[in-house]
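Chain nomenclature is as follows: A, B, C and D, assigned in order of appearance, with residue numbering initiated at 1 for each chain independently.
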Amino acid sequence: MSEEKLLNRSDYKCFYSISTRWTDNDIYGHINNITYYSYFDTAINQYLIENTSLNMKDSPIVGYVVHSNCNYLSGISYPGIIDVGIVVKKLGTTSVTYGIGVFKDRENRASAYGEFVHSFVNRSKKKSVPIPDNILKSLKQILK
Amino acid sequence: MSEEKLLNRSDYKCFYSISTRWTDNDIYGHINNITYYSYFDTAINQYLIENTSLNMKDSPIVGYVVHSNCNYLSGISYPGIIDVGIVVKKLGTTSVTYGIGVFKDRENRASAYGEFVHSFVNRSKKKSVPIPDNILKSLKQILK
Amino acid sequence: MSEEKLLNRSDYKCFYSISTRWTDNDIYGHINNITYYSYFDTAINQYLIENTSLNMKDSPIVGYVVHSNCNYLSGISYPGIIDVGIVVKKLGTTSVTYGIGVFKDRENRASAYGEFVHSFVNRSKKKSVPIPDNILKSLKQILK
Amino acid sequence: MSEEKLLNRSDYKCFYSISTRWTDNDIYGHINNITYYSYFDTAINQYLIENTSLNMKDSPIVGYVVHSNCNYLSGISYPGIIDVGIVVKKLGTTSVTYGIGVFKDRENRASAYGEFVHSFVNRSKKKSVPIPDNILKSLKQILK
């Protein structure tokens, strides 16, 4: 886990807009803590699907999540659109650490930020493998 | 439950765009059956929040869901944006039946359609009450 | 959609206990309307997995949900365990209609009840097919 | 964030059994990474609700989640029951850090483990406050 805080929009390389949902709100009327992680993997997987040949359904090599964390700074509520910024913080041989920031519409300071680590695995052999070249290339494009 | 099928975009009065999420996909790679209902109440509550004084957190009178149904016609998958159309099919004294249609981007024929019934209730007394005037007025604006 | 109301425990053939979750609660402090459908397919799929050779991941023939509905009679809240009763209401050649009832611990009257329709499909050909024999046999065991 | 790894059942003070759900499974047939966090706050909130006067709906002082993290060691799949162990790792004046471990039935080694930090806040003033005495007392009972 890196301790570096990525708090501003300028810390991120690529953004996705996600519409909040009524059920995202908890009993306090704020997006619940769990839902942020669904924003995280929605943004990261969209980047991978659109920029690599990764196909979660059939690819022999896939990225399994081995770690995630989130720091919650200020509340967000449905309804509304949020922007999710992603960046590659660390690129290893078999794994990648993404930084993710969740921003309210038009705000520059993150409402929440965190990390997500994908470890690449040969699905049938269940063994760790190097990040495939075409994925590596796409990850480098959003490397910090 | 009305048997009338609202299959086309022209059957609906008001639309909301919702971004699909990675976790919406099930083991078959399609949006799972449950998630459609989260599209339903996201669209309906957004209409109510934006067009009436309804405040889910503090309003003394709120709409409780007493019935919902959905018919699944064709699969949708993350990633992508869907359009959710809503219309008021039936307006009673204390309850309202919404029709909802879920459309893939640029498709005119619904991928799924269903109903959602709100019954208005005095929250503290837990008693059925007439639909408040300002909500009734907004519901009439999208009456079929 | 059948109009028959299955309101009592004695209307169901098989029960599963499900633990409620903190996030099941909505802003009103009750299990939200969507979550009931996750109870429905958790119970039905568990019956199928435990009593047939159905394997959602690899089976060439799978059951797709083509319709679902739910009637909400009284609120349930986390924390606590609920019992979900299932029964086969209608058994066709290619599809099955389940009845489902959600019961609070020790209550005989359902808090919610609804239906769920599986249509069996050849996954690769995407064509409707007769319910496989071993599944048919298991479904008959919980036929109303 | 503490780096201490709590990997065994004996590292935890209190356990809750949670039934997995069909929708917990992702496209790979394993519980998806997000759902673990719903296990976390289901277990922690159940402990607080059962052992303190905390009432999420009406209490003037509530615990907001300010940080969470999870390390995923081995896959779990629906159907089945999991055990969630909790322990208080760090008890500050205004916040508490819980350790959480997710265990498969009868396994001693965690499938996943992580942390969850509650910061106590006066809801109307939105200001950090000391942990109320009766909650502090209950948290001490599961202090590592």
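Methods note: a contact is a pair of C-beta atoms (placed from the backbone, for glycine too) under 8 Å apart; a residue touches a chain by one contact, two chains touch by 3 or more.
Only a predicted model underlies this, so the values are computations on that prediction, with no experimental measurement involved.
Asks: Which number of steps is the smallest that gets you from chain B over to chain D via touching chains?
Replies: 1
Asks: When the CA atoms of chain C are placed over those of chain D, what is the turn angle between 0 and 180 degrees, to the nearest 5?
Replies: To map chain C onto chain D, rotate by about 180 degrees.
Asks: Could you pull out the chain whose C-alpha mean position is farthest off from that of chain B?
Replies: In terms of C-alpha centroids, the chain at the greatest distance from chain B is D.
Asks: In angstrom, rounded to a whole number, how far apart do the mean CA points of chain A and chain B lie?
Replies: Inter-chain centre distance comes to 29 Å.
Asks: Quick one: report the Å distance separating chain B from chain C, using the average Cα coordinate of each chain.
Replies: Here chain B and chain C have centroids separated by 22 Å.
Asks: Centroid from C-alpha atoms only, then distance chain A to chain C, rounded to Å. What do you get?
Replies: So the centre of chain A lies 33 Å away from the centre of chain C.
Asks: Residues of chain D touching 2+ other chains?
Replies: Where chain D meets two or more other chains at a single residue, that happens at 23, 27, 29, 34, 38, 41, 56-57.
Asks: How would one label the connectivity among the chains shown: line, ring, star, complete, or other?
Replies: complete
Asks: Where on chain B is chain C touching in the complex?
Replies: 1, 27-28, 33-34, 37-38, 41, 56-57, 62, 64-72, 123
Asks: Write out the stretch or stretches of chain B touching chain D in their complex.
Replies: On the chain B side, the touching residues are 23, 25-27, 29, 32, 34.
Asks: Which positions of chain D touch chain C when the two form their complex?
Replies: 16-19, 21-23, 29, 38-39, 41-42, 45-46, 49-50, 56-57, 78-79
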